[in-house]
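You will see chain A twice below: alongside chain B first, and alongside chain C after that.
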Partner chain A sequence: MGKKIKKENLEKLFADIGKEYKIIAPIKKRENYVFAEVEDFSEIVLDYPMTILPPKEFIMPYKEPIFVFENGEFGEVIPNEKIALFALHMCDVNAIGRLDFVFWNDLYYKARREKMLIVGISCKPIETCFCKSTGANVLTNTCDLFLKAEEDYYVGFSMTEKGRKLLSQLYFGPETVYVREVKIDYDEKLQFDIYAIGKRILEDYNNPVWEETAKNCLACTNCTLVCPLCYCFDVIDETFVVPEEGKRIRCWDSCLLLSFARVAGGHNFRKDLKARYRNVYTHKFRTFVDEFGVPSCVGCGRCTTFCPAEIDMREILFRLGGA
Partner chain B sequence: MKPKVAIFDLTDCEGCEVQVVNSKFIDRVLGGVELLHFRLGQRVNRWDNFDVAFVEGAVITTHELELVHNIRKHSNIVVALGSCACFGGIAAINNFMDIKEAKKYVYGDNADKIETLYIKPLPEIIKVDFMIRGCPIVPEDFERVVSDIFAGRTPREHTRPVCMDCKSKGNPCQLLKGIVCAGPVSYGGCGAPCPSAGMPCDGCRGPLEDPQMNAELELLKKIASRDDIIRLFRKFAPMAPIFKEVGGGKL
Partner chain C sequence: MENIYKPFKSKILKIVEQTCDTKVFRLEVKDFKYMPGQFVELSIPGIGEAPISITSSPHEEGYIDLCVRRVGNVTNALHRMNVGDYVWIRGPYGVGFPFETIKGKDIVYVAGGIGMAPLRSSLRYVLHKKKDFGKVTLLYGARTPADLLYKEEFDIWAKECNFLVTVDSDKLPDGKPSGWKGNIGVVTTLFAKLGYSIKDAIGIVCGPPAMYKFVIQEFRKAGMPDSSIYISLERHMKCGVGKCQHCQINNRYVCIDGPVFNYADVKHLPESI
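Let's look at the complex of A and B:
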């Protein structure tokens, strides 16, 4: 069930959330859209097409200290901030839900995530979207409050305690709107059976698509950085000799880099870019599915949109499943 | 006993030495070392056997050539500081020109009195134990390498392209805008100051390990002229492996 909220009342909702949380929302930065801390509701662009980075940087930052030592004192760095992610598209919301599967037992992730409020909003799928194929177009309980756009109002839905508290406020109308499910529906340009591709991907290990794509791939890691579900990380120690102090840092990594699968002694399990590139797909569409039941892809289309070499992930998936 | 440290400079702009001063070196290291030689930073300098010698700049004269051999002889560890020392730097543009004409253009009638060698990067002249790359270096790199050396560790190489620094800041891709950018093949860790300010990466830190140069060139050829591509790789790290070939016209 949902409740109506007038467009002009969204500002009241924003102010209400702002009392308790630091709000992160989509804004326009030059010609691009990014998630950033917002203090004034008017900065937010509610009908943004796609941000460059997904909101994952607010749950697992690019570089985060996990412990520090200074003058002989050791201290763990547990984040203690209440963040509200405001106006996320369905794909980004569900990406966080899938990250939860992986990181829920991680001290630092959980500390941020548990205190977090997630507010989703309707989107207009763009040309590179394929959330329907990945099953990420349906509302799940990762979202505390989802705002479905209607002609001149929104309908708010919630499946969590935090969200219901907001829904009971007066800026939402009193009447109840009943729906069976909330999902994003549109005509997907290229549709495929993700699970069938995942099943085939290891049997079809030497598909020529890997060799051909690796030739064009720059290994620049853009696709993995903009992916809302790529979570690989490295742990780096930053120390200083005089005086004794330092910190241990967790930093994003990318499996497309040569250093990623290199182990002590110098052996590398994935020396060729072809093997590294294939690994992105086998993990996303096969091994992650085996482990958690869903692909580690929500079809947000960022990898395709922001690839400098214009490699289209959908085309690769189509070739893997279509041949 | 405190480790003996020296910072030498050859032909350069001294920008990397300024970055040394900008780093935490003075606050947090200087108390723990004996800084015997630092022309830019202190008045009294002397020679001794050094535990660590940093060498900034390109070797352009025979005097400098002798100097670096001398430094090597007196030092336990030699660190190349900045892209001039590591890869020839800006000065190595000489290597791609008719040197007589270049000298005449700059010095006119005095051209004959000026000595200019073919510029080799420092690791091709003497054994270099580690390189701190960049034009200029970033203070964090200097701090990290110094800490590692004094702690007896091998300094860790960056293994990420500039693209990773760039995208992690949420920048739009220069290449997608049709601007010639060396980010994907360039050694990262700089924090991508250029793309963050709307400029493309010039690859001042030289090539990344395993750069996908073929794919990069295929892509650049679609958006830029041959000359533009050559100029890009000749700019700051012209004598770096792989960049040298592209800068020399092999593309």
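Let's look at the complex of A and C:
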């Protein structure tokens, strides 16, 4: 059961959150949508279809200093900011939940994540969505507060103590609303069983689909950059005039890059793009499932939308295991 | 909360030059528990971090030895350092050789090039606990006589185990003759010189990527089952703690599941060797 909030009262919720947090929410940027810091509620587009980048950059920035070298010592740079991610779709919320599995003992990730507030909101699935297939279409406690859209109001659900505090404010209710289920339900374009595909993906190693797709793939890494669950990283020391004074930087990397599996001396374990492209899938649908029980894909569809070579991940999954 | 990426400071106690591009660095450590086959992440602030396998044996206390070939930024910078300088390390990481499983058995080590580094740790440990193991053999191959590591220990190895060494070419890197009187040929040519059955032995391999499948063929020819073969794999482990994905081989991480793998467990994984 949830509590009703009128559309016009969302601004009060926003203002309340803004007292404590820096708010990141979807806004329009030219013809696309992005997550950005928002100070005025009117900037937010609540019924956005999809943002270019997922909100992962606010938990693990594209480039973040993890150490500063001071007098030859390793000084830690611990983030200390309270961020509220506002109006996230279910897929992006659940992607953060799955990232939590990986980074539970990572000081930098934890420092941001523990201070974070996440407010989810209903979405209207678009053509490229396949969250249902990945099991990311349901509510989890990664979200502190979820706003389910109804005709002319929202129903708020709290999944954490932070969420409960907000739900107890006067702009919610007083009516209690009973909703049977909160999940995103729709007909996906292609049917496939992601777990079955992952299970036999190592046997599908020589499936012609990899060769054929690699021929079109530009290795531009767009798909991994916009993926809410591509989290691999590189660590680089940045120095200025004297090498003793600088920073150790962690930045996003991509397994599609030629250098990714190269070792000292030059040997490259995934020299061919075919192997690197396949690795995106073996990791998402096998390795991650073996590690954490779910795929590292929430079916947000960004990889397909932003691929300049028009490669559709769903078509590849369909060929690997269409129902 | 502990910072899993934070290294600790360690003094360089000793440097032994092995070849023109390889040195052994002795680093000071306190209460540092590890097993042969494990590795550390070595940092030089401002240059970077690199995974390096430990070449000393756990029975030596107060220090660890790293046998380092200069091939990248970090290793080149390390080679420019002197005794008394400081580096930073974290670890040990990964799982080493399974001594509980291989206790009491014969062991055949096959090392190629810098692959000698982790195997030397294991060999040293086994020779230290000699009565816990059966017959120990070391087959070691390098490119030229000038590339042979640990030459100062050859006499000890020859005495304490069945030691055979070979070089791909007896010419020095500049093409001049070296005066080498020993075996010439790739490391697999040493199998013919073994003179005893290794069917029930444990095979342990570390070397350049191209070497594994040929050595494994020899083990199989000798009747050794795949489950008796252990391979130590090389990858660029950037984080060492199973997160950055650089060392991932399908559903295995070299940094936490390896670097030592049982061959029967990984042979079905493409890209493993």
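To be clear about the criterion, the second predicted complex is superposed on the first by the 310 of 323 C-alpha atoms of A that agree within 3 Å, B and C clash if a C-alpha of one lies under 4 Å from a C-alpha of the other, contacts with A are read in each partner's own complex, and residues count from 1 in each chain.
Just so we're on the same page, a residue touches a chain if its C-beta (ideal position, glycine included) is under 8 Å from a C-beta of that chain, and two chains touch if they have at least 3 such contacts.
A quick note: this is a predicted structure, and the numbers were derived from the prediction, not measured.
Undergrad: Once the shared chain is lined up, is A:287 touching chain B (first), chain C (second), both, or neither of them?
TA: A:287: touches chain C, not chain B.
Undergrad: Once the shared chain is lined up, is A:264 touching chain B (first), chain C (second), both, or neither of them?
TA: Second partner only, chain C.
Undergrad: Considering only touches as defined above, state whether A:239 meets chain B (first), chain C (second), both or neither.
TA: both
Undergrad: Does chain B (first) or chain C (second) touch A:202, or do both, or does neither?
TA: A:202: touches chain C, not chain B.
Undergrad: Please work out whether A:25 is in contact with chain B alone, chain C alone, both, or neither, and reply first, second, both or neither.
TA: Touch status of A:25: no partner.
Undergrad: Taking the superposition as given, does A:103 touch the first partner, chain B, the second, chain C, both, or neither?
TA: In the superposed model, A:103 contacts chain C only, not chain B.
Undergrad: Which of the two partners, first being chain B and second being chain C, lies in contact with A:275: first, second, both, or neither?
TA: second
Undergrad: Check whether chain B or chain C contacts more residues of chain A in the superposed model.
TA: On the superposition, C touches more of the residues of chain A.
Undergrad: Can you pull the chain A residues that chain B and chain C both touch?
TA: 236, 239, 242-243
Undergrad: Using the touch definition up top, name the residues of chain B that touch chain A in the complex.
TA: By the definition above, chain B touches chain A via 24, 28-29, 31-32, 143-144, 146-147, 150-151, 156, 159-161, 163-164, 167-168, 170-173, 175-176, 183-185, 209-210, 212, 214-216, 218-219.
Undergrad: Help me check something: in the complex, which residues belonging to chain A touch chain B?
TA: The touching residues are 29-32, 34, 52-53, 57, 62, 215-222, 225-226, 236, 238-243, 252, 254, 257-259, 273, 306, 308-309.
Undergrad: Show me the residue ranges of chain A that touch chain C in the complex, using the header's touch definition.
TA: 66-67, 69, 72-74, 76, 102-103, 105-107, 110, 202, 205, 231-237, 239, 242-246, 248, 253, 255, 260-265, 267, 269-270, 275, 279, 282-283, 286-287, 290-291
Undergrad: Show which residues of chain C lie in contact with chain A when the two form their complex.
TA: 1-7, 9, 43, 45-50, 69, 71-72, 75, 86, 88, 208-209, 234-236, 238-239, 241, 243-246, 248-251, 268-271
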